[in-house]
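Please find one structure pasted underneath; my questions will follow.
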Amino acid sequence: MSFLSLTNIKKTFGPVQVVHDFNMVIEKGEFVSFLGPSGCGKTTVLRMIAGFETPSNGKIVINGTDQGTLKPNQRNIGMVFQAYALFPNMNVQDNVAFGLKVAGASKADIDARVKQMLGLIKLEHLADRFPYQLSGGQQQRVALARALAVKPQVLLLDEPLSALDAKIRISLREEIRQIQQQLGITTVFVTHDQEEALSISDRIVVMNAGRADQIGTPFEIYNTPATRFVASFVGTLNIIEGKVADPAAGAVTIGDQRISLKDSIAGMKGGDSISLALRPEAGSIAEGATGDTTLAGEVVSTSFLGSVIRTRLRVGGDVISFDMFNNPGVSPPVSGDNVTLRFAAKDLLVIRE
Amino acid sequence: MRKIWAWGALLFGILYFTLPLVGMTNFSLKMRRGEYSFDAYAKVFGDPRFQETFTYSVAQALFTIVFGILLVVPTAYWVRLKLPRLRPYIEFVTLLPLVIPAIVIVFGYIRLYNTSSWLPLTGSAFGTDILLMFGYATLALPYMYRAVDTGLRTIDVATLTEAAQSREPDGQRSWRGSSCRTRSSQCSPAPS
Amino acid sequence: MTASVTRLLGANGMSTAHTGASPPARRLPLHWLGILPFAVFVTLFLILPTMKIVVGAFQTPDGSFTLDNIQGLFTPSILAAYWISIKISIASALLGCLIGFAVSSAVVFGGLPKWIRGPLLTFSGVASNFAGVPLAFAFLATLGPVGILSVFLRSELGVDLRALGFNLLSFWGLTVTYLFFQIPLMILIITPALDGLKREWREAAEILGATGLQYWRMVAFPILLPSILGTLALLFANAFGAVATAIALTGSSLSIVPILLFAQIRGDVLGNPHLGYALAFGMIVVTGIANAIYIWLRARSERWLK
């Protein structure tokens, strides 16, 4: 059953169309991420759900109610902003209580709810602090508690982690996901960080230039990207340029090497250029690696990343990278080595625009 | 709705501020009975006494600005660089002219620097000019010091000075550099 | 007098010594020299003149201590002068704050065209220094008996300001005139403060269900309060000390303290030269109290500031 639906949403600012025909249906309790580079329209869509922007066209329905003419303060939505938007003149307690206070809740109800919320974010001991006395991570947790205190139908998170440092970012995103699942609240999360989106979402919308390129689970988005943009934006992707040799047999040449594809390339002509994509973890140059396809290449460089060793290879005209687990018994290849890259033909994707 | 209210507020402001100026201009053009003319202006600009007082005012203003800059900029620089703990006290002192009414300070000058005192500034025309300039500088102190100090804060004097001293040991260069940058924050006019 | 000045200078010197305590003691004099010109200037032309007045208020002409001068202030005519000065200052400060705030927030939040802002701030910078004879003349030419607005209202709308009891040389006349520099001063100070209100605060309040009014009452106004209080105190002192405009406008027909003091400076109108000191001292006390109230209110209103 759809809980939050966006139908034919368009938005233009003056002559610029920032959102083109956006369609999406979100289930109750789902955690959906809008992922894309800055300026792709993801924040604009979020702000339209919140009511800060009005769609130029289309309809937003939450729980059966058309949000068309509703003002932000009539929508019962919780929102966490990128820059900690805590009210600086109120302590933690009053910040969390704000939404309940303006709704006219009784003091006893407010106190009980605030206590419960501070328990949820584990900051009961900081109830009397002012925002300037809190770290960035603490401020965002208070902002989350403030948004959740009013029991919103939908929770919107506008890049809430991007101003924090790396360690806090990871622990807080896990905390957000855990709280979201605990409360079962429908959540839309906007981010430009693909790792963040992959790690906590039920579904991801990859946005590019005002359009949703692909909507799917993190597994689908990563493993079967629908467009070249999705493939390159999510994860690291090696693009290998080749030429079609025999469309019927699925054969292509990369430089002077000939391989067969599992993806169908029927309909292309011999001699056509073709772009192929391979994830860094899909191939291996290690001894005893398995795979039905091989490509010869020359090592350009290796970087030791701890548990993983990333090797850059020249194959045909392109330089592509591959990861393999560190094996203390085997020293990594050095630049200039000639190696054989082994992978499964089904992992080599044909990129169509 | 919000826009109507905003335009209303702005319109009120514009009316309030232009009407007296219009009224004044209107009067100044009515020297001849019943018709508009520039007679009043011609008369004023032709009057040597006006030219004299006008030049005097301009000169006073210029001297005040120069004196104020020479007094405030090195002090603010020095306090930021070497005596940061004095900053609150200096700031407090520079804000005093906002608290003590100007007429009171002037009254103090007249009693303190009259002809029979140890520094009889009011005794000669030159002395009076100097006293007037000092008076203006005092009144401008809150604005000047704050403007310069804010300017210095944004350019991070300490770092710049260290950077410059690593090449020129006497710190002269940083002084030149930061005074250039501070120039733009020197906008306070002399109250004349 | 010298005792207190020495004490003041001593305190100054002590804090310098304190600052210089951490680096080697030998470098101390050099550091101190850097602010010497400033210290000398401020002592001679700000602190000494003020001390002279404070001390003089408690001295007889031959130099001995007395409270007679202060007592002399408590005569009906001088008290009345203080009272009307304070009333005009409070009225023009409050109205200046209110109107300046309205104009400034109209420009910052009202969705007016962006280009209005620059000219408004430039104009405010000029107008806040517009005082004295030109200002008085401008208002006489507008609201005086034959001023353009008075004439227009009388001939076109049949409203006779004078018959309604309005007189430029009165409490309201002076207040309206003072507003000409009070409003721009408020605009100059409050506009940056309004800019400092983050859009996210408004949006966070809104999405939490607050109305525009609730946002202003519970978030924006408390955040702005320290700036507003500071401006009020400044506007009060500004109006309280405004002498040139008052004299140019009213001559000596309105007895307010700055005019009284000015008259005392020109010639001894009070019959006792040291009563002038007391009069000036009283002005310092009034603005001092205004600032003390401000500091007290501010301390209460900005617990949340760093």
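The chains carry the letters A, B and C, assigned in the order they are written, with residues numbered from 1 in each.
Basically, contacts are C-beta pairs under 8 Å (C-beta built on N, C-alpha and C of every residue); 3 or more make two chains touch, one makes a residue touch a chain.
Here is each chain with its UniProt name: A = ABC transporter ATP-binding protein.
Keep in mind that this is a model prediction, so the values were computed, not measured.
Chemist: Using the definition of touching given at the top, classify the network of chains in this structure as line, ring, star, complete or other.
Modeler: Its topology is that of a line.
Chemist: Measuring centre to centre with C-alpha atoms, which chain is farthest from chain C?
Modeler: Greatest centre separation from chain C goes to chain A.
Chemist: Nearest whole angstrom, what separates the Cα centre of chain A from the Cα centre of chain B?
Modeler: 56
Chemist: Starting from the mean Cα coordinates of chain B and chain C, work out the distance between those two points in Å.
Modeler: 17
Chemist: Which part of chain A faces chain C closely enough to touch in the complex?
Modeler: 50-52, 71-79, 81, 83, 85-91, 98-99, 101-103, 130-132, 143, 146-147, 150
Chemist: Help me check something: in the complex, which residues belonging to chain C touch chain A?
Modeler: Going by the criterion above, the answer is residues 198, 200-201, 203-211, 214, 218-219, 222-223, 303-306.
Chemist: Under the stated contact criterion, what part of chain B meets chain C in this complex?
Modeler: 2-3, 5-10, 12-13, 16-17, 19-24, 26-27, 71-72, 74-75, 78-79, 82-83, 85-86, 89-90, 93, 96-112, 134-135, 137-138, 141, 189, 191
Chemist: So in the complex, the part of chain C that touches chain B is made up of which residues?
Modeler: 12, 15-16, 18-19, 31, 34-35, 37-38, 41-42, 44-50, 52-53, 56, 99, 102-103, 105-107, 109-112, 116, 120, 123, 127, 129, 134-135, 137-139, 141-143, 147-149, 179-180, 183-184, 234, 237-238, 240-241, 243, 258, 261-262, 264-265, 276-277, 280, 283-284, 287-288, 291
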